[in-house]
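Think of it as A, B, C and D in the order they're written, each chain with its own count starting at 1.
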Amino acid sequence: MFTPKTGPELWLYIAGALLVSGVLVTSLQLVPGRLRKPLIALVTFLAGLFYIAEFFLPVDPTTRANFLTDYRAPIAQVNQVLLSFAVGVGVYSLLTLHTKNIVRRRQGWGFSVLLLAAMFGILVTGLLKEYRPNPINQAAFSLFFDGGLKSLDAAMFSIVAFYIVSAAYRAFRARSVEATILLVSASLVMLGQVSLGQGLTAGLPTSGFLSNLRVENIREWILTRASTPALLAVELGLGLGALSTSIRLWLSLERGSYFEKDV
Amino acid sequence: MDHATPFARVFLLGLFAVIVGMVLWAQSGKRFFIRRIPGLSAIDEAVGRSAEMGRPMLASFGLGGLNAQEGVITLQALAIVSDVAEAAARFGNRVIVPVRIPALMPVAEEALREAYTRGGRPEAFQLDDLMFLSDRQFAYAAGVSGLINREKVASIFLFGTFFAEALIIAENGNRVGAVQVAGTPSTTQVPFFIAACDYVLIGDEFYAATAYLTRQPTLLGAIVGQDIGKAVLLFFILLGVVLTALNVPLVVNLFADQAVPWAEMLRPVAPAAGAGG
Amino acid sequence: MGKWMHDIDRRWLYLLLFLAVALPMLFPSKGGSAVILPETQSFYDTVERVAADPKRRDKLVLLVANFSASTATENLNQYESAMRHVMRHRLKFAIVSFADPQGRELGQQTADKLASQFGYQYGRDYVNWGFKTGDIALNVKALARDIPGTIGKDIKGTPLGQIPVMQGVRGVDDIGLVVETASADTLEYWLAYFRAAGDEPVPLLFSCTAVMAVEAYPFLRSGQIQGMLNGLKGAGEYETLLQSPGFATQVSPSLSWAHFVILFLIALGNLSLFLSRRRAGSRGGA
Amino acid sequence: MPTERIVVWIAAFCTLGLYSILYRENKVFRFFEHLYIGLGTGYLLYLTWNDTLKPRWWEPMVQEGRWWWACAVPVGLMFYTVYSRKHAWMSRLIFGLFFGLTAGQAFQRYAAVQFPLIRSVVSVPLVNPPEATAPGAYALSPYSAVFNNVLFLAIVVAVMSYFFFSFEQKNKAVASVSKFGRYVLMFAFGAIFGSTIMARLSLLIGRIHFLLHDWLNIAP
């Protein structure tokens, strides 16, 4: 049965699959209230068990795989397709908010019109470019994408450079021991990473004890000897935290608002 | 590591047993202690200030999605944001929650509804304040910056996975004079939060946050389990360093990516082979 | 004076930074000679070593373009130099992106730009696997075992099996080198699910934005990655090693001056703190 | 005017429009902010269809005849049950699936990411460190190599002890180790800050180069 089909037979099968799965999903509503939470927990457990079993179960030494390994790719695909269906939830939220703005003539509703126009503009020209590829459609999409989206991305990202300056100006003052430490290490790293800074100590020998005082070597020392072990230790703690949260999620032991609500 | 080595099986199952064991112990009534985490006591203060000024608050549970790397962080962040929302509901405050990942909208909606109910004001929850902004990192940052400036928010809570946009959001918050509390496992962004926010949670303080805020036995138990895990790691590290000094690579071999036969565990490596490989 | 510096409107700082970047561009000068950092050197050496290794040189090089136009200043210059280096040694390579769809186009543009110069032909010498959506971890994990199955079709819609350069390429053991150019922490996936999944560890090079570099130093030290290009500076050093100066070399003065402006401002801020403390002190306060 | 030129002009206006927030929040910024969010969402829809649903779902189903992919539609629609109070619980079912898939990978992730980190710490040599004999610019005297390695371990231990939560750090020795840990963390954060500055400046350089070279054509 699970073989690819063609022609009218395919459409029949598709319709059948839609119908059967639709009925199955709808009939979930018949599950009585007290069984719903256990059902959700079971689904979570089984989904997690796949990866856990795949990782822990012994493997055939020649293929380095066990009987679950081949299902990695299909599961990745299912995961991806299902997540794509969720995109509509976000778009729906955006659409309702801005349609409301426009309908109720809320302050700044013109911007909502612009937002929706831009959204449909890039979507339509993008699809036209794919399905009716011609220079005009290509160019139209390029105006939205290369002119608009790409440059907006680059501009907003580069704006961080300005903010980093005002943050540094404010934060790097030797007010406390901690602030002083922050200030000193940041300044040394900065000096060591540009040629003008490296020029300051270019006169020092490149080997021997004095070479340690060359700014690029100080920077290297800070990054590899002082900051690396600190970040490594943070990472070791974070790893345990993530593992512990995952275990709680997997076994539905997690508590907190979403997980405690009655369904 | 593609599949577990024999040692990895033992080690990971050990960690699993310790964490689950502590959670179960806590659930059966054992009361565990957890030390004060300074940034977290600031949450109530920040919420209170918002209420005093009569201006809204903004809370983000980060830019992480539901994948293996960020999923658990995002859900943990959502739990913290729910606690913020609960406090906000108690004070009768408005809290704006901009979202980046569409798939998380339903989860966030349910979590916030529940938080307002626990805060005693289910009717105060405004669906319009939970908004999908953009899945694009910097469009999200632009939108949040706009919100911060236009709504003149009085306090900002940033928890979860953050990337370069962290500083854009935090500097705009700083400019409008908002009290800001941040916590993230994204170590690269911590320095910027330190520079622009009033309180910052570092490293796995983030994971301890919900336990500290809610005093839930389950979460407290898990924190104790993690601490035991850290102690075990420290033991292996110290043991390993001493053995390495004696040129016995036992611990390096135990933690190897490919299974090392038991008979070869103690065989010294050739000098200059280096670690990892 | 101290008070003025303390309350300085941040917009003046922004203007100063703008000038520090723009002026050196308008009035170009020769940048100071760059010191080559060891991680850049070993990046270069690793490509050389792979090219000289008879066991590896016929395998495919993966040039992973996990970045978008927004970090092109750093990443695209690194990527272009890496591709140039690979082409110089006539290694076969594949372009692929997991993090951003723009990656496949930027990768293709780079290849189009360099191909004629080195006589590279699409399909025969290189291939563009395109952009693969979805959970990167799952994709990379699947890739280690089954490349044609994970990728499916190339950017032009041809199944991988029908592309000459892909003949015999099944999984991780057919990859000679991975160069990950990234703007986010996507390195971890290669470390976790790819590098050591085969018979021998695959050499892994990381060219990244200067932010990601800090997090990658532990991996460099532990030998999990063999070399690294650190941001625009790393790109400039690599251009020097390859003896083909480009954009990174050209804008090096702007980078230097902007750094100096920031250092100057930090010094100014501390001076204002010092002055205000002294004033407070002379009034008898603490 | 050719398309490329128009694109450059649009891009320049977009850049300057967003930069205007540096002066203060204003109508121009608001215009580009809304444009940006709209474009971002439209592009997301385009990508979702073009890069995921079409090649990974629609084509396998319709062109390759894998009819069972049709089952994804009702399952995917379960996300939308959140809009109905009565059916909202069904969205939890599909989230349960995702939470499970996410959580299940944690063990492999731990082994794959953390084990090498542990190895890199335990293989730090306190005796005869290779750095002492390594050729080249970074060779160290045996004393400084040993010093560096002892410091490396001390930092790892101190920072790890800073992150113990389940006991009060009252003991003086423990308290000072953990204080040292916090100082070292600040040092590391300073290093990240300094290093990141270069990355952000690079992007600004790229943008300003675009404005001066591609748009105004006054810089080489």
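The rule is short, and it goes like this: contacts are C-beta pairs under 8 Å (C-beta built on N, C-alpha and C of every residue); 3 or more make two chains touch, one makes a residue touch a chain.
Small disclaimer: the values here were computed from a predicted structure and weren't measured.
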Q | Chain with minimal offset from the mean of all protein Cα atoms | A | D
**Q.** Taking each chain's C-alpha mean as its centre, the one farthest from subunit A
**A.** C
Q: For the chain pair with the highest number of C-beta contact pairs, give its two chain identifiers.
A: A-D
Q: Please work out the Cα centroid separation of subunit A and subunit C, and write it as a whole number of Å.
A: 19
Q: Starting from the mean Cα coordinates of subunit A and subunit B, work out the distance between those two points in Å.
A: 15
Q.
Using mean CA coordinates as chain centres, what's the gap between subunit B and subunit C in Å?
A. 28
Q | Residues of subunit C engaged with two or more neighbouring chains | A | 10, 14, 17, 38, 70-72, 133-135, 137-138, 141, 188, 192-193, 197, 210-211, 214-215, 218, 221-222, 224, 230, 233, 255, 258-259, 262
Q.
Show the residues in subunit B shared as contacts by 2 or more other chains, in ascending order.
A. 1-2, 4, 12, 15-16, 66-69, 72, 75, 102-103, 105-107, 110, 133, 135-136, 138-139, 142, 164, 187-188, 191-192, 194-195, 202-204, 208, 226, 230, 233, 257, 274-276
Q) Residues of subunit D touching 2+ other chains? A) 18, 21-22, 30, 32-33, 36-37, 39-41, 43-44, 52, 56, 79, 82, 88, 92, 98-99, 102-103, 105-113, 116-121, 123, 137-138, 153, 156-157, 160, 163, 185, 189-193, 195-198, 200-201, 203-204, 206
Q: Sort out for me which residues of subunit D touch subunit A in the complex.
A: 3, 6-12, 14-15, 18-19, 21-22, 30-46, 48-50, 52-53, 56-57, 61-62, 64-80, 82, 86-90, 92-94, 96-111, 113-114, 117-118, 120-121, 137-139, 141, 144, 148, 151-153, 155-160, 163, 181-198, 200-201, 203-204, 206-207, 210
**Q.** Interfacial residue positions of subunit B with respect to subunit A in the complex
**A.** 2-4, 9, 12, 15-16, 19-20, 23, 66, 72-73, 75-76, 78-79, 82-83, 86, 99, 101-103, 105-107, 110-112, 114-115, 118, 128, 130-133, 135-136, 138-139, 141-142, 164-165, 167-168, 170-171, 174, 185, 187, 191-192, 194-196, 202-204, 206-208, 210, 214, 216, 218-219, 222, 225-226, 229-230, 233
Q: Mind listing the subunit D positions that touch subunit B in their complex?
A: 18, 21, 24-25, 29-30, 32-33, 36-37, 39-41, 43-44, 79, 82, 88, 91-92, 95, 98-99, 102-103, 105-112, 115-116, 118-128, 130, 153, 156-157, 160, 163-169, 185, 189-190, 192-193, 196, 200
**Q.** Interface residues, subunit C side, partner subunit B - complex
**A.** 10, 70, 135-138, 141, 144, 184-185, 188, 192-193, 196-197, 201, 211-212, 214-215, 222-224
Q. Taking the complex as given, what residues does subunit D use to touch subunit C?
A. 22-23, 47, 51-52, 55-56, 105, 108-109, 112-113, 116-117, 119-120, 123, 136-138, 191-192, 195-199, 201-206, 208-209, 212-213, 218-220
